[in-house]
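Chains: A, B, C and D, in written order; residue numbering restarts at 1 for each.
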Amino acid sequence: MISAGIIGATGYAGAELVRILAGHPDVELKTITSRQYANDNFADIYPSMTGRVQLSCREYSLSTFISNKIDVAFTALPHKLPMEFIPGLLDAGVKVVDLSADFRFKNVATYEEYYQPHSAGDVVEKAVYGLSEINFNDIQHASLVGNPGCYPTSVLLPLIPLVENRLIDLDTIIADSKSGVSGAGRSVSLTTHFCEVNEGFKAYKIGSHRHTPEMEEVLGRVAGEPIRLTFVPHLVPVTRGMLTTIYAKLKDGLKEDDIRGCMLDRYSSSPFVRVFPANKLPNISYVRGTNFCDIGLKAEEKTGRLILISAIDNLVKGAAGQAVQNMNIMMGLDETSGLCNNPFPV
Amino acid sequence: MISAGIIGATGYAGAELVRILAGHPDVELKTITSRQYANDNFADIYPSMTGRVQLSCREYSLSTFISNKIDVAFTALPHKLPMEFIPGLLDAGVKVVDLSADFRFKNVATYEEYYQPHSAGDVVEKAVYGLSEINFNDIQHASLVGNPGCYPTSVLLPLIPLVENRLIDLDTIIADSKSGVSGAGRSVSLTTHFCEVNEGFKAYKIGSHRHTPEMEEVLGRVAGEPIRLTFVPHLVPVTRGMLTTIYAKLKDGLKEDDIRGCMLDRYSSSPFVRVFPANKLPNISYVRGTNFCDIGLKAEEKTGRLILISAIDNLVKGAAGQAVQNMNIMMGLDETSGLCNNPFPV
Amino acid sequence: MISAGIIGATGYAGAELVRILAGHPDVELKTITSRQYANDNFADIYPSMTGRVQLSCREYSLSTFISNKIDVAFTALPHKLPMEFIPGLLDAGVKVVDLSADFRFKNVATYEEYYQPHSAGDVVEKAVYGLSEINFNDIQHASLVGNPGCYPTSVLLPLIPLVENRLIDLDTIIADSKSGVSGAGRSVSLTTHFCEVNEGFKAYKIGSHRHTPEMEEVLGRVAGEPIRLTFVPHLVPVTRGMLTTIYAKLKDGLKEDDIRGCMLDRYSSSPFVRVFPANKLPNISYVRGTNFCDIGLKAEEKTGRLILISAIDNLVKGAAGQAVQNMNIMMGLDETSGLCNNPFPV
Amino acid sequence: MISAGIIGATGYAGAELVRILAGHPDVELKTITSRQYANDNFADIYPSMTGRVQLSCREYSLSTFISNKIDVAFTALPHKLPMEFIPGLLDAGVKVVDLSADFRFKNVATYEEYYQPHSAGDVVEKAVYGLSEINFNDIQHASLVGNPGCYPTSVLLPLIPLVENRLIDLDTIIADSKSGVSGAGRSVSLTTHFCEVNEGFKAYKIGSHRHTPEMEEVLGRVAGEPIRLTFVPHLVPVTRGMLTTIYAKLKDGLKEDDIRGCMLDRYSSSPFVRVFPANKLPNISYVRGTNFCDIGLKAEEKTGRLILISAIDNLVKGAAGQAVQNMNIMMGLDETSGLCNNPFPV
C-alpha cells in the first residue's frame, strides 16, 4: 500500500481527491490538511462522506508528513503556497503531484508574467507536466508533477495529435470552452451565488485567462515553434463538466477520416480517451464523475475547417482524477487504478 | 461468479442496474433485454458507457436465460409484464428481483384495486418484500423479491422502528415527499419536458398515489393493525434524489434522544442507514449516487410532534441499488458488495 | 405621480422593487440607496437594467428624502436598521412600507425574543401588518406597513379563511414549505454557493425559523386564541418561488367543496388570489414573476385531513410585489397598478 | 386597436405571443388557434395565464379570420403549414408575420434544399426578412414578414454592421452558439427530457443546422458576395436564452474602439440593441424575458481576431418579441409598444 497525504483537502479538487483516494485499492490516505477547517472531521465538512472517511483535517506540517511515512503528497492549494511547501517535501523523499499552476510552466518568466514571482525556480526543471496521455514516460520517472489546468486538459488532448502531425494550420486555432461552476472553486463570491449563475450563461476573461499561456507553452513545445491561440471560456450553470469546441483550418486535402485515424492511433493505448465515430458527439453528461476525455470531430468541407469537441469532468480528468492517474503512473501502478467507477446513466 | 440478467435494461432503473452490476466484483452481467432497443448496443443508447459495457440488448426469451445459466434475473419493467415472465423464471430455478409493483403486495385485492388483475396470485405468497434492512432474514431465503417503491423506501425506513416500538400515534402520520425527475422514468411526456420542470415545483397525485397502499400494507403488518397515512408527493427539478419529511405525534413524555436511540439501535448493523445526530439534517446531495438512506429527526416540544427527514437516491436505494443489495443478501454475498462507490463532494 | 424612494435597493427584494417601481404608471422612482454600492449606477450592479434605469445609489439620508419630496419610502434592509430610520421618515410625513421584520409584530416581546431589542416600540402600534388581502381596510389608512415575510404570506393566505370560519382543528396545523434560493438574499455564503445548492434539496431550521412566531401571532389574532403550528422550511434549487403544503384536520362533516367555497368567497374581490378548482394544483412556475398567490386544495376522506397548497413568487407576492400592492392601497391607487405583467408560459 | 390572431398559439413561441399580445396596449388579441388543443381554454393549457387570458383555442379557418376582421395574423407553426395558409390571408387583406422558415429565404432553391418543396414561391418575393433593426424601412411597408430564426438573429445583429463596413475578413467567420432548451419547442422527445438535458452540455448538428443557409443568404446580400461561415450550435440546460460567440479576423490596423464605434453608430436609434462598453460582457440572464439583444466585444491583439458576444432571449427577440416588434413597425406603432416590461434582477 502506498501512503498518501492531501494538502488542501477541503476545496472541491481536494475533496474529490479524498473521494478517489479513499476508494483506491492500492492507497492508504493517511493525512489531510486544511487551514480553514483545521481539527474538523472531514465528514462534518462534507456530510456525504459520513461513515466513509474518518479523517480529521490538520494544519500542514512537513514533519507530520515525514513521521507518517507519506510516499506521495497532493497539493490542492491556490498557487503560491505549493512552491513554498514542495521543495521540503521533495527533499524528504516525498513524491508530489501539484494541482496548482506553480509547476506547470517550463518558462518561469511566463509563469511570473501571469501569476507572481516564483520562489522555487530551481525545482521547476524537475517538474513534469502531468498531461498523462502525452507525457506518460516522463511521468513514470518524475518526483514532481505539475498537474494541468482543466481548460488546458480539454484543449490539449484533442489538439496535440494534430499539431504533432501538422494536420492543421497552427495560426488558426480557436478554443471556445464551457465550464461548470465547480471550476470556480468553493470560495464564496457573487460569481458563484446560485441566483447569479442559475439560468445564466456568459463568457468571461476573454483573451486574458491564465490558462491560455499554459496551453500555448505546451503546444509550442509540441510544434517546435511559438503558437498563439484564441481562447474564450464560458460558464455553464451545471456543477461539473467542461466542453471545449475547437476550430482550426485543415491542411489541404485532409478528410475527416484522416483526422479521426490520427486521433485513434495516438490514443490507442490510452484507456481514458474515447475517440467517437462519425456523427457521435460528446456531452459533459457522458463523462460526469469519470476520468474520461471524450473527443468528437467534424470536418466541414465548404470552409475547410475542422471542428473538434472534447468533454471532461473538470474535477476528475480536469483535476483530481488526472492527479491520481499521474500518481498511478509515478508509482508503477496500473494507470486506471482507483479510477474505474462506472459513469451514471443520468 | 454469479450470472445475472436484466429484463428491461434501458429505462433509468434498468440502466442503473447495468451501471452497478457491470462493476460488481462477484457478478457477471451476461444478458440484458429491451423491447424498444432490441439489437442495439447498450453503449449506443447510453453513450456514457462507451468502452465500459459491450453488451447488446435482446428481446427477452426464457430459453436464453436458461441456456445462459442465469442465476439471478432483475425485472425492471412496467408492472404487468413481470407477472407474466417471473413464474417461468422461478420454475427454471432462476432467482428474481422484481423492481415493479407486481410482487410487493401480500394482499392481492389491494394490488388489483390500484393496478390491474393479477395473473400470478399463487406466486405472490412466495415473494418477500425487499426492504433490505427490515426483511433481511426472509430475503436470505427468498427466490423472489418484490423490490420496494422509491417513496415507500424513504417513508418506511424512518417509520418502522417507531411503529414497532409504538413511539408515535399511528393515526397522525403525514409523509410529505419530494422526488427528483428520474423517478418519472425515461418515457417522454410533457410532464418530464425540461422546460415544464425546470424552475418549477409542484405537488401531484395528492391522496391517490399508488405507493400509498404499499406503505399502508407494510406499516399495518408491522403495527398489527390497519394504518392510514396522508402521503403527498412533490416534484423537484433535480435528476436524482428523494427527501421525505414525516410528521407524527410523539407518545407522551418521549424526548428526541429516545427516538434517536431507538433508530440507532434498530439500524446498528445496517451499513446503508445513517442516523444523523442532533441538528444535522439530510440533503439529497449527500446520498446522490449511493445506496445510503440518511435519517435526521427533530422533536418539537411546543406541539409534541416528531419531524423525521429521510433522504435517498431514488434510482439507487429507491430502485437499482436496493435490488442489488437484495441480490447480495439472497446469494449470500456481503450486503454491500458492488455498492461501495464513494459519494461525490458536489 | 407619487414620488418613491427605496432604502436598500441592491439586495434582491430591493432590486425587485426597482424593477416594479421603474415600470409603475403612477410612480416616479426618485431615489435609491445602498451602503455597499454607494455612488454606483444601479445598471452597473444589475446590468439587466442597462438603458432602463438611470439612477445611482446613494447613502441613505433623511434630508435627501425630504428635499426630494418623497411620498412613500420602501425599506428593504436587514432587520434592525429599519427601526432606526423609520421614525424619522414618519415624522417627516413620509409613508413607509418596511420589508423587514421590525414592524410585523404587535407583541414587541415576541419580536425581541426572536430578533433583538426593539428601539421603536412606540411606533409598532401604528404599523399595519401588510397582508394585503386580509388587512386591506387598515392598510388604506396606514402610514406604516410591516410587509409580511415570504413564508407567512404563503401560509396565511390559505389558512386565514379556514381559521376565521373554524373549518379546521386549530391544533393540527402543519406547514411544509419549499422556497427558492433568492429567499436567502444576495449575501454570499456557502449556503447559496451554486454547487452546494444545485441538485440538492434539504430541510433547514426545523422548529426554529423566525417566521413561525409571525404566523402564530397573526393566526392567533384571527382565531382569538393562541395557535401553535409546526413549520418546516425546505430549500429548492430554483431562483424564485415558494410552495407551501399545509395539513390540518377538517371539522366533522366538511367536504372539499365547502372549503373551496369558503376560499372563493373570501377572495372573491382579491385580484391576486387564484383559487383553483378540483384536481388543479399550483406550481411555482405558474406564478413566477407575478404577484399571484395560487391556492389548490384536496380533502382526504380516509383520514379526514385537508391538504392545502399555495404558490407564490417569494420576491413578488412574498416581498416587493406585495409591498407595492400595499403602497397602491395606501395611496388610493388601484391595487393592481404596476403589477399587471403577464406570467411567462415557461 | 389592432385586431390580432395567432395561428399555432400553444407551442412555446405561440404562447409567448399570447403573453405579449394579451398585454399589448394597442392590440386586441381576438382569436387563437391550435390543432392539438382545439376547444380547450388557453388557461388550461398554460395555467399561469389563469385569470389573464379568457380565450379558447380553435381550429384554424380563414373565414373566421375574415369575419373577426383580423388586421394581423401571426403564424407560429412548423414550416410547411404557413405556406399553405398565408396566401389566403394575404388575399383577404390580412397582414402576416410568419415565425417559420417558409418566408425567410429570397432564394427558393436554397429553402428547398434545406426544407422541402415550396408551394408559394410567388409570395416569397413579397416577403420581407424581419430582422427589425436592419430592415426597418422595408418592414414598414410589408404585408408579409418572414421572422428570423433565433440563431440568425443572434449572429446577424452583431455581424451585419461589420460586414457592411468591411471591417472583418469575410472568410474567417465562426459562430459558436449556445441555446436554451425552449428553442427545441414543446414537442416531447428524449432530446428535451429533463434528465437527458439537466447537468449536460453538448454541441449538435455541427455544419448541418438549417439556420446556417439563412445566415449565409442574409450576410451574402449585405456583403454583395457569397459568404460561408462555420456555425456550431450547443444546448445549455436553461429554459430561455441564447448566447453567441463570434470569431473573425479584423482588417489590418483596426482597434476595438473602431468596432465598438461602428456598432454604436449602426444601432444608435435601435432601442432593443444594447452595445456594451469595454470589459462588460453579455449574459443571457440580463436579457431574459425581454426583447433586448446585448452585444459585447473584444479585439485580441496577439491574434488580430475580433470576438463578438451577443445575447438574446430566444423566445422573445429570437421569436415572439421580434415578431411583435415587426408588427409594430408594419402597423405604424412605436417599435417598442407592448415590449417594455422590465427585466428581472434574477
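In this text, contacts are C-beta pairs under 8 Å (C-beta built on N, C-alpha and C of every residue); 3 or more make two chains touch, one makes a residue touch a chain.
From a predicted model like this one, the values you see are computed outputs, not experimental measurements.
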Provide the labels of all chains in contact with chain C and in contact with chain D. A, B
Looking at Cα centroids only, farthest away from chain B lies chain D
I'd like to verify one number: the distance from the centre of chain A to the centre of chain C, where each centre is the average of its C-alpha atoms, in whole angstrom. 46
For chain A and chain B, let me know how many angstrom lie between their CA-based centres, rounded off. 37
Averaged over CA atoms, how far is the centre of chain B from the centre of chain C? Could you give it in whole Å? 39
In chain C, which residues are in touch with two or more of the other chains? 12, 182, 195, 199, 237-240, 283, 285, 288, 346
Per the touch rule above, chain D residues touching chain C in the complex are 12, 15-16, 18-20, 22-23, 46-52, 182, 199, 239-240, 271, 274, 276, 280, 283, 285-290, 292, 294, 315, 340-346
So in the complex, the part of chain C that touches chain B is made up of which residues? 171, 174, 176, 178, 195-196, 199-204, 206-207, 228-230, 232, 234, 236-241, 243, 245, 247, 281-285, 288, 296, 298, 300, 302-303, 305, 307, 309, 311, 346
How about chain A: which of its residues touch chain C in the complex? 12, 181-182, 186, 188-190, 192-195, 197-199, 237-239
